[in-house]
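To start, the structure under review is shown below, and the notes come after it.
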Amino acid sequence: MSKPDQGIRTDIGWSDASSITLFGRDFPAEILGRLNLGDMGFLELTGRIPTASESVMFNAMVVTLVEHGITPSALVARLTYLGAPESLQGAVAAGLNGLGTVFVGSIEGSAKMLNEAMPEARKDADFKGIARAVATSFQERRAIVPGIGHPFHKPIDPRTPRLFQIAAETGFDGPYLTLISAIAEEAGQLSGRTLPVNATGAIGALCCEMGFDWKICRGLGVMARAVGLVGHILEETRNPMAAKIWHSVEAEATAHFHKEHD
Amino acid sequence: MSKPDQGIRTDIGWSDASSITLFGRDFPAEILGRLNLGDMGFLELTGRIPTASESVMFNAMVVTLVEHGITPSALVARLTYLGAPESLQGAVAAGLNGLGTVFVGSIEGSAKMLNEAMPEARKDADFKGIARAVATSFQERRAIVPGIGHPFHKPIDPRTPRLFQIAAETGFDGPYLTLISAIAEEAGQLSGRTLPVNATGAIGALCCEMGFDWKICRGLGVMARAVGLVGHILEETRNPMAAKIWHSVEAEATAHFHKEHD
Amino acid sequence: MSKPDQGIRTDIGWSDASSITLFGRDFPAEILGRLNLGDMGFLELTGRIPTASESVMFNAMVVTLVEHGITPSALVARLTYLGAPESLQGAVAAGLNGLGTVFVGSIEGSAKMLNEAMPEARKDADFKGIARAVATSFQERRAIVPGIGHPFHKPIDPRTPRLFQIAAETGFDGPYLTLISAIAEEAGQLSGRTLPVNATGAIGALCCEMGFDWKICRGLGVMARAVGLVGHILEETRNPMAAKIWHSVEAEATAHFHKEHD
Amino acid sequence: MSKPDQGIRTDIGWSDASSITLFGRDFPAEILGRLNLGDMGFLELTGRIPTASESVMFNAMVVTLVEHGITPSALVARLTYLGAPESLQGAVAAGLNGLGTVFVGSIEGSAKMLNEAMPEARKDADFKGIARAVATSFQERRAIVPGIGHPFHKPIDPRTPRLFQIAAETGFDGPYLTLISAIAEEAGQLSGRTLPVNATGAIGALCCEMGFDWKICRGLGVMARAVGLVGHILEETRNPMAAKIWHSVEAEATAHFHKEHD
């Protein structure tokens, strides 16, 4: 299909009649039964089997993103399943489509912001100075600093201290965590409100610590939420809410028509 | 939106300003940093934190389904990303849409077959007799027995003995594994070919051992493949193949038109 | 990529630097400005430009399916747009995912039923006898006859007489329309209720009149609803309901948790 | 679900037992059999039934976008159908997911560019001056001017003169068409290449003539392509290419592994 020098090529893996190799490893012998699902995610993103510390940290990052209760995505998966119960995959796919700039986007937003502010991780950086520049720049553009503040969890997002604690235990409490905390501090002072680092900000900073390209950070949310959406579909099969939501919304949204015609 | 006795209700979780509870557990304290991503999948499907054995077995089941190299789903994710690189979630969603009856369907097909043949797990069942009845029934309908044989991995699917080994180590080598092996044996004798249990058959049987409803078994494939598809999109950003595939297929598919007009 | 005798080939169309040919027609000269969007759908399904009668009938069929107000699909599109407003196509795609067996499926269900009951259209068929056999067969299986009755539009679906009228005007009031009316009559007598042909039943019968394979009939609903979902997204940008639905459902679904913790 | 003053409300339509009203019209009497599918799209976007001229112009715009042969979207729909043939809607949905910034995005890109350059349509505008400023601005940012030039159709996109002709016949050959032609002229002079208006540029300009918000312009591509993708799935059922593409790509992409192990 293409010339050798510009060929179609994957380095992820291959198999023959008796073996399966993924990322250079014998899949049945070296991966199956040894790695957990989060480790597989790490392997997909880095090509490496995680160390024990990396495994704990990466799994904590994605586990944070699995389940956020009744989200728009969960409602989408349930409402889609109502019409196409034969297609569980379609319901999960529909739910994932909403993981765009508004929700999961703040992970990549904070990772991008941190990487641009400090392209190379430096332990001796002028964190306060960098943070002030970042916070001021967002304020001047009247833009929201990604990864800080929370509409609901106040004064702090309860996941953040736990993620920072796990980071400390696994050695991932590096310069990007310092920087996002400093940015939260400066942005808070500029706005006169308390704006602590939220869970997506912590995960964005941890993505930087792990060296992930910010463009792929949304992928952590996508792989995690797929797990959670299967749980919502299962609950929908047992205690359905989709039809009730539909009928209730339809009645309310068209009430003004009915009123006019009474 | 609804009356108390028929209300919209979730039992998955809730949060207030300072706490997040999922499946009755304090999320930051009891789940985050303690469960891995596969354990979260188990929690979503059962409402319980897995035991150590359940964790190993369930993670092995989903890890098996993460990455199958260049599949139609992987190609779909890559071709979608070509047109909408701003929407990683849309590329994964598109890829998941193909996990229907043809590929991932054999997990639920084998789980359904096993559950119907032996609705209650019994260690003293007449496995040979049940297996013969199942295999004969499929043969009479000229239907393919789900979960046995493999178009490519011969004589055996290398993942199957490893999954059976992990099942033995974790105590999940129960009656449904015995039954699917017996069905494979009988179906092989009826057809005159060797038709060993394949990976999806083993996972279908393990779903029965774990007590999962067959209707949700496809969900294991969906949550797992979401992880793998993120890896394919990452590789596509580094060494793209989608545009080459497109141009090559377009040229070949329309070659007959060009020929006519020379 | 493949041998000549098994090659990858499309007959839909091709282009060179100065021309575009679709279904054997010069696209700019013979199609553009001459065919409407529904005619393009007919061309895609048949490879032919519709006659004037076919154009009127086919457009009426798809126009019937464009807009059904606040459906689960419309809610899905709106809720998806809330999270990913940068990806209008993802919101429409999510909405389409729910057009499965439950809703749009009754078009293909009725088309399949009619085709199996009368594989060749015959004006002199024993419609009453065939209809009784069909209705009895569904009753014995305790299955719902697709395309008849309506949960809401009573006594009749107001679209059905109009579709039958257009069919009469365009010459599509053939044996399959006679047969579905006869089936509705027989099924009504068997059940003791009035079960008139509904809009999807009329469209299923018209698909048979037009010679469409029942497997592609769902496609009429899919192409039509894509048009309607764009309209819902537009209204969502002007008078949004998605966030309100989300917050309202979340509050109601978790009210029992809050109550326990008061 | 919400207070009267902030209620959930749709103005698209409603129905009661005997009537269906859409956009203030009696659906069976005033729309069904009178409007074609493109007219329904116009109705969804404007709330009005199109005039005869608007009908011709709008249908031409969407018809242009229905079918572009073997595109990535068409391949995605076909590859998805291979795995989930029971879910035609999922295959179309997957195909639509790729209609992002790279392909269909140029419609909204040109509409946005034109609207920002001339927020109010003026027949006596300094088209040459505005066009030079726009072209210079894109050149300085080293950005591609959306809607002009074509990688393949040279010297001109054969759809463009036909769309301009239809615009002249229907009275839509207004200031935005003048402006995009002027921009193409100026951009061509700046770059030293011929960069005529392409089909998406013409459609973007026509969207401005019709007063559509640029944010919804992508919707024209989405509704149109859904029609075309159903046609590709139909051809796939008759002369499949998806499995061949899969096997061919897999073989080529993993050839380097096989070579190493010979």
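Here the chain labels run A, B, C and D in written order, and each chain numbers its own residues starting at 1.
In this section, a contact is a pair of C-beta atoms (placed from the backbone, for glycine too) under 8 Å apart; a residue touches a chain by one contact, two chains touch by 3 or more.
Quantities reported herein were computed from a predicted structural model and do not represent experimental measurements.
Chemist: Touching subunit A and subunit B alike: which chains?
Modeler: Per touch definition, common to subunit A and subunit B: C, D.
Chemist: Looking at A-C and B-C, which pair shares more C-beta contacts?
Modeler: Answer by contact count: A-C.
Chemist: Tell me the angle, as a multiple of 5 degrees, of the rotation that maps subunit B onto subunit D over the C-alpha atoms.
Modeler: Here the rotation carrying subunit B onto subunit D measures out at 180 degrees.
Chemist: Nearest whole angstrom, what separates the Cα centre of subunit A from the Cα centre of subunit C?
Modeler: Going by mean C-alpha positions, subunit A sits 36 Å from subunit C.
Chemist: Could you grab the centroid distance between subunit C and subunit D? Build each centroid from C-alpha atoms only and quote it in angstrom.
Modeler: Roughly 22 Å, centre to centre.
Chemist: For subunit B versus subunit C, what separation do you get between their C-alpha means, in angstrom?
Modeler: Once rounded, the distance between the two centres reads 31 Å.
Chemist: Of all residues in subunit B, which are in touch with two or more distinct other chains?
Modeler: In subunit B, residues 1-2, 8-10, 14, 69-70, 84, 86-87, 89-90, 93-94, 97-100, 104, 241, 245, 248-249, 253-254 touch at least two other chains, as defined above.
Chemist: Which word fits the touch map of the chains here: line, ring, star, complete or other?
Modeler: It is complete, because no pair of chains fails to touch.
Chemist: Which positions of subunit A touch subunit D when the two form their complex?
Modeler: For this pair, the touching residues of subunit A are 1-2, 7-10, 14, 16, 21, 84, 86-87, 89-90, 93-94, 97, 248-249, 252-258, 261.
Chemist: Write out the stretch or stretches of subunit A touching subunit C in their complex.
Modeler: Those residues of subunit A that touch subunit C are 1, 69-73, 75-76, 79-87, 90-91, 93-95, 97-104, 241-242, 245-246, 249-250, 253-254.
Chemist: How about subunit A: which of its residues touch subunit B in the complex?
Modeler: Touching subunit B from subunit A are residues 1-2, 6, 8-15, 17-20, 22, 27-29, 31-33, 35-41, 43-45, 55-56, 59-60, 62-64, 66-67, 69-70, 87-90, 92-94, 96-100, 104, 152-154, 156, 158-159, 161-163, 165-166, 169, 213, 215-216, 218-224, 226-228, 230-235, 237, 239, 241, 244-245, 248.
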